[in-house]
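Here come two complexes built around subunit A, the first alongside subunit B, the second alongside subunit C.
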Partner chain A sequence: MLDSTPREIIARTGAVINPAKTCQPIGAMYAALGIHRCLPHSHGSQGCCAYHRSHLTRHFREPVMASTSSFTEGASVFGGSANLKTAIKNVFTLYNPDVIAVHTTCLSETIGDDIPSIIKSAAIPPGKMVIHANTPSYQGSHVTGFSNMTKGMVNYLAEASLENKREQVNILPGFLNPGDMREIKRLTALMGVPFIMFPDTSGSLDSPMSGQFNMFPKGGARVEAIRDSGNSSLTLALGEYAASDPAYQLERKCLVPAVVLRTPIGIQATDALIMALRQHFVAEVPDEIEEERGQLVDIMTDLHYHFHGKKVAIFGDPDIVASLTEMVLSLGMKPVHLLTGTPNTSLGGAQGNFEATVTAMLEDAGLAGRVKAGGDLFELHQWIKNEPVDLLIGNTYGKYIARAEDIPLVRVGFPILDRGVHSYLPVVGYRGALRLMEMIDNALQDRVDRDARDEDLELIM
Partner chain B sequence: MLNHNTLDEILNKYPAKEKRNRKKHILIKNITQENQEIEANTRTIPGIISSRGCAFAGCKGVVLGPLKDVVNIVHGPIGCGYYAWLTRRNKGVSKAPMKNFLPYCVSTDMQESDIVFGGEKKLARTIDEVVQIFQPQAITISATCPVGLIGDDIQAVARSAREKYGINVTAYSCEGYKGVSQSAGHHIANNGLTEHVIGAGDMEEAPQKYTVNILGEYNIGGDGWVIKKMLEELGYHIQAVMTGDGSFEELSNAHVAELNLVQCHRSINYIASMLEVKYGTPWLKINFIGIRSTVEALRSLALYFGERELIERTEDYITRELARIEPQLLPYRRICAGKTAFCYVGGSRGHHYQGLYEELGIETILAGYVFAHRDDYEGRQVIPNIKSDSDSKNIPDLHVAPDENRFRLKLSPERAAELKDKIALSTYAGMIQDMKDGSVIVDDLNHFETEELIRILKPDIFSSGIKDKYVVQKMGIPSKQLHNYDYSGPYAGFEGALNFARDVAMSFASPTWNYIEPPWAHRPLLEGTLVKGDMENA
Partner chain C sequence: MKTDRGETLLKARTGFIRTKGERMPTQSCEADSVSGSVSQRACVYCGARVVLNPITDAVHLVHGPIGCASYTFDIRGSLSSGAELYRYSFSTDLKEQDIIFGGERKLAAAIDELVQKYHPPLVLVYSTCVAGVIGDDLEAVCRAAAQRHGIAVLPVESSGFAGNKSEGYRVACEVLMRLMEAGNSPLPAMEPGINYLGDYNLAGELWIIGGYLRRMGVKLNAAFTGDSSLKALQTAPAAAFNIVQCAGSMGYLAKRMQERYGIPFFHVSFLGLQDSADSLRLIASATGDEEVMARTEELIAEEAGQAEPFIQAYRDKLSGKKAAVYVGGGFKAISLIKQFRELGVEVVMIGTQTGRKEEYDEIHNLVEDGTVILDDANPAELERFMSRQGADLLVGGVKERPLAYKLGVAFIDHNHDRKHPLSGFEGAVHFAREVYHTVCSPVWKYVKQGG
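This part shows the complex of A and B:
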């Protein structure tokens, strides 16, 4: 497996080999599915839309509906305005969504289609809306695209219609699974704080089997709710890459103060979320949450000897990798290779500093490790060849490295294409941390069992 | 059954212009009518949710991607390379010293500055790095949308890399906007492979008797391996498979074969035709999906070579295999009998799987292709009548001439004429002729029509791809992916038919469908018994 990957690392300035990111439009498509009764629309060649729908479908095992402008060579030369207008007409006639969320592609960005003016001249039925985000594939990553479409929601929908802000929080969850979004909503509700979450793919990409297909399932953030987000007294952006930019845009547009937190994976990041809600809204932490937290700490201390000192490599989206790093550090593990494919900083959205953030975590723990943004899995594999690890955490693409180096893999992040259920159950919050601990523990202990000689196989571990 | 009135009711929901368009892509088979025409390979309507992909997907994803000892470089932003990486189940295994690059995705990951200032330099650097790290014998470069728009000359970059490294470097201008679907990309890949790869090797003679190539077989789930094993057992030598588990090394010598077998007509018929002109090698349309089709393929192949011993060996083999397979199929047939299917796949499988379904007792009541042309529906005789339009004109036809040194007529004209009456020599009769009266044929079946036609025709199983799969399953109807076999297979040959039968029967027999309705759905919340006297008091 991956036999042509040498141990010796040469500096590359051309090839990306085995990417740890994909392009903006898929993130925009996913975000748009987090608006209730919204049809994402890809303004480009139909191949983009086909690839994104296929990929999202494989991760969520759910219908992923989206339309495309189906550019031909002619449209690429003369501009895609006619295609987009035809598409808008056909989509409203046939599928009747409330909102069409248009995102661009490298094709329509390169030829410079002006989406707002095309939308203005399109026939949009009364009561319906078309929103858009620019998502050139040659900037940032799929995380940037998610952020940009969320920002598009702010641009088109959010309004500060009241004189005084309401006691409610906007939660921008970042590029997470529906199961995670549900969990964040549950915790916020337990805190007794009214909230608006957008995008919100719970109920949209984890819809139940009913014997009927609904093109627009029950879930998704309501347009009225997103509109009302301009009246909230606080925005919590969970993840600097996936959520901070739209949160700051909302701050600029509607004067809603924005606080950027880490994705609430692990005890510290979850504590930070709960504390932000508690302090801002003067809301007591209920017993139920305190109990969940206490259970988590109980297990952390009970099992610390399973984790302590184990070397781990983590890759994936920057917000997720940062929080996972913090989490494994809280367990006494040693994260030695930390990599995201998303560039550290990029034009056109997603503001963050993955390398500085993660390096600081390692320094605080008195550790040193390799940290890279804009990296690829070929390089991560080479790092592992040079400094082996006990565990790899990342998406499904990690299974090839895991097999080549015979190390256990814990699947976290996007995409997970070879296992099911993951999108329904959270990795966020105290419960999510408990689940992650179980996943990591199983992987590590299964390996100990597998490798043990007969006389060393332990009944109790 | 679908009648024209019901069909009209569906179509009436389209805006007028779209209705006129879609009407030509839908056909109800009528056996009393000869030469029923269908429109195909025309533009997808913007906003109408279709399953089609792009030229890049057809070129890099389908035809070039499976070549295992070739490094396929994708020149463009990261997405296109990423999505075409390991997503198609084209299996391949290399014996040392041959390398296997299938698990690698190489992209130039174009950034904004490359779009503004041009990406040729970055592409050249990428080739340098690929050569340094992987030392391949061959590299392909596939273009994505922005490449053509900004005017990167990938052909020139490939040329200078060929000179610099002395290896086979080819470039494919398969920008996603070309043509109207994946099909354009197949054509572009076919042109490049014919011009620069096939014949690049130095073999002059077939290494042994009965040497054939298998074209349009991508080894999804190991189909190609089943076919290869079967043919080798019968004494054939497989020179090259295009392109599943294929290699540059074998492909470069594909010109020596005595015959080209064509599995997927749509994606590879250009190579088949060009090799006939260039090297005098006829092609034979076969189908290794389904028991009868496999039998027919093996018989046609034996007949082509015509030696009695081979024909007898083939018959023995068929008898043996049928005796082995048939009893094992029975339990699955019992589950499947009387069921109906939609079969909407790609550019060949929409046809290929109908026979196998029938062998299980399942009737295909609707079939179609995502990106086929009229000849795949109506047969190759319509090719001269197909009007070219601005989209198809954008894909250059490669005009080949007989190779001065290597052209060799493999069949005498008399023998060819004699064979043409018996086997599908250099021809394909298409899907429609195999379909039953009253069945429905839909080209580029879209989401809206899928929902409507399922509502009316109520199939028991729907076979297509991943984008429809869960849409249909939400309706409580099992969906069998025929692009990737739901990660199962192989489905080719006799062995594959068994696997398919097992998988399809499983999708009907699975107990999981029994729980869709909760137990409280049809039971009142409050239940009581009528006690005497209640009526009087009420």
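This part shows the complex of A and C:
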């Protein structure tokens, strides 16, 4: 399909071609599904909400529930205050969630609806809550939206109610799959550190089949837990873009010190997570974790010659791409094209510096590569035409480029619309790194087998 | 009483649900969704995009923030035998400053860049909610661009808040009218053919029907809009008559073409053996050509003869099963009831997102007593009635799939994500096979044991 992408690169000012990002509300909707018994609410036209739900459904293969204010022509002129109030009333009557998490859309932002004051004047049944986040899509990306809704949780829920902080850690996992969140919780529990993770979509978007449809599955961070996060002695934000802003907000609001780490993909970033827990809580690293790490290193040495010198292009969400870059560098690969659709910095949202972070990684490794935030897949394709690679890592949208250039694609990130299971199994932690290595190795070696002439086909590789 | 599972239905919703055989007010439909509902409905842009997207040689440029474009990046399974340009996703990716100062300049620049890069004969510029609210004059920008480049550049006024998906269909039909008007008149002299409206060539469905028409000796001028090009669409006004499959999206265009070009039209459906045969006969007799009619009978005998043994075999496996149907338009719902009957499957629940009153009346006449009929259902309602009616299978779109699976109910996508062509005799066999594969999969056994 992308056969007509020209090789020559010309600067563009008007059009994005084949986007590598999507809009804030979908991230906010996903984050809100990480609160137990919470219904995300999209304040805007019904179309946005339908798109966001469909897209999440295709990625997770789970029902995704969210309500909408259903704007009509009138609301776009007179504001959506009445729609939101009616919606809040109807949602509590019909679906009875504990929390409604309102996010805005481009439309309600452009009209300028003042959500906090609408919420204040809405009829909210006792014991129930309405929280909100502003998520205009003309800033940032779906990652920013995730971060903003997490910040909304801090704004509305977190409280410092104790004199002294508790020996417990807040973990803000960033925009990861439920399988990843589970793995991070498992590692933290193995370290023996009490933790509060929010948002937490494990058990909510990877729920087991029960023969019943539960509007509100068992999973998700409890409201009381998020409230108690103000009493923790440390917040670990995993990912500059998806988690740092809410962590700093919690620091400001409740004086919980924030430490920003990379998304724990690959050995270095996972080490950093384990070390942060060990240092802060004087915890012993248990044998089980030592063993997992040892196995990972063992496999890295066993297979290093499969990876060394292979050129790779990686695209996707900034935190994930940064960690993947670090990981493939640790395997001796050459990441030459690194691109995210999320803008490098954005107003009123996630603070990060993808371009500087990733460029520094390449410099440390003595490599040069193309690095860009706010790019699109058209540009990535042009880069690859100019400097071909052995492997592409990214979400499903990479398949067009992979086909046009005949390179293998390893699917990591959001969204993955054409394969299953990915949201259940981790890419984080030492086990996740092992899984990623298997995926990358299989892709590379399958290609070697496919391309081998009869006489060159190897049994042992 | 209130519970999580929405046992209470909003009073406002009661008119939208009825059970055949019970006394109830007439079906309400074609209204806006209630604020705060988990509606399965989409927007004007979505409707317009669905109809226009299969024009393969057009640049489809979305004027708005990035999301509206991202979600429609090659999601329809419309196939092309020629250009692939329609599968690209183009967006002006409006930013803060564009919202404040207007996005017209950026839009003009985007059109210029894309025209230079791809040399398309046609650029369609879709308006989204935000473009609508900031008041960009798409008409003017497009007109200027059309003059600059000497090609057709047309706005699609599809701001999402201005109605629902049906409104989007209407908007798209207006654009198609303008496209035809813009075509060079006088029309080239050509032998009379027909236009086929409302087939988007999902999974190659148009190619099946096109093949039948060829064998019958009926010339196809233009298909709207599956596998189409600007040039093909512009030959449409010369047609002898129009056949309309998806009435929901294209009924309006058929009426407009009748008014403007005097082209008569009638409805067809290619879902199921019976409807397929009936429709082909209708087309043949409309040509008034004895030879065409004779060839059509041969074709039906041959195709139906090939399909029937398969259908019979699947019917043996499926007979007595119960189906729930929740689809976009009423016309498709009607065809599905008949098609399931061919498979020995009873439809026990049926609903649409945008069905019209006449269609609901026909549905009501077709179904058995006790069948639940709903308009614009939310997931809680779907769940409740699927369980209560004991459905073995749900036919729906992307958002309904996991819902069905969670209930341990089999599922068929009759929408964007369909994987096999479901039209014509061949399609009927695909459909039966798909129903069989999902309903008779061993996986459901484990659900029932575990649950």
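Following the convention adopted for this analysis, the second predicted complex is superposed on the first by the 461 of 461 C-alpha atoms of A that agree within 3 Å, B and C clash if a C-alpha of one lies under 4 Å from a C-alpha of the other, contacts with A are read in each partner's own complex, and residues count from 1 in each chain.
By our rule, contacts are C-beta pairs under 8 Å (C-beta built on N, C-alpha and C of every residue); 3 or more make two chains touch, one makes a residue touch a chain.
Please read these numbers as outputs of a predicted model, since none were measured by experiment.
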If you stack the two complexes on chain A, which partner ends up touching A:Arg53: first (subunit B), second (subunit C), both, or neither? both
Quick check on the superposed pair: does A:Phe216 touch subunit B, subunit C, both, or neither? Answer first, second, both or neither. second
Could you look at A:Thr93 and tell me whether it touches subunit B, subunit C, both or neither (first, second, both, neither)? both
Classify the contacts of A:Leu107 with the two partner chains as first (subunit B alone), second (subunit C alone), both, or neither. both
Contact residues of subunit A, present in both the subunit B and the subunit C interface: 1-4, 6, 12-19, 21-23, 25-26, 41, 44-48, 50-55, 57-58, 61-73, 75-76, 83-84, 86-91, 93-95, 105-107, 110-111, 136-139, 141, 209-214, 341, 347, 397, 400
Taking the complex as given, what residues does subunit B use to touch subunit A? 13-15, 18, 43-57, 73, 76-83, 85-87, 99-101, 103-112, 114-115, 122-130, 132-134, 144-146, 148-150, 175-182, 390-391, 394, 447-448, 451, 465-467, 469-476, 516-517
What residues on subunit A touch subunit B, complex-wise? 1-4, 6, 10, 12-19, 21-23, 25-26, 41, 44-48, 50-55, 57-58, 61-76, 83-84, 86-91, 93-95, 105-107, 110-111, 136-139, 141, 207, 209-214, 341, 347, 378, 397, 400
Residue numbers on subunit A that touch subunit C, as the complex places them: 1-4, 6, 12-19, 21-26, 41, 44-55, 57-58, 60-73, 75-76, 83-84, 86-91, 93-96, 105-107, 110-111, 136-139, 141, 209-216, 341, 347, 397, 400
Using the touch rule from the top, collect the residues of subunit C that touch subunit A in their complex. 2-6, 8-10, 32-46, 61, 64-74, 84-85, 87-96, 98-99, 106-114, 117-118, 128-130, 132-134, 159-164, 378-380, 383, 398-399, 401-403, 405-408, 447-448, 450-451
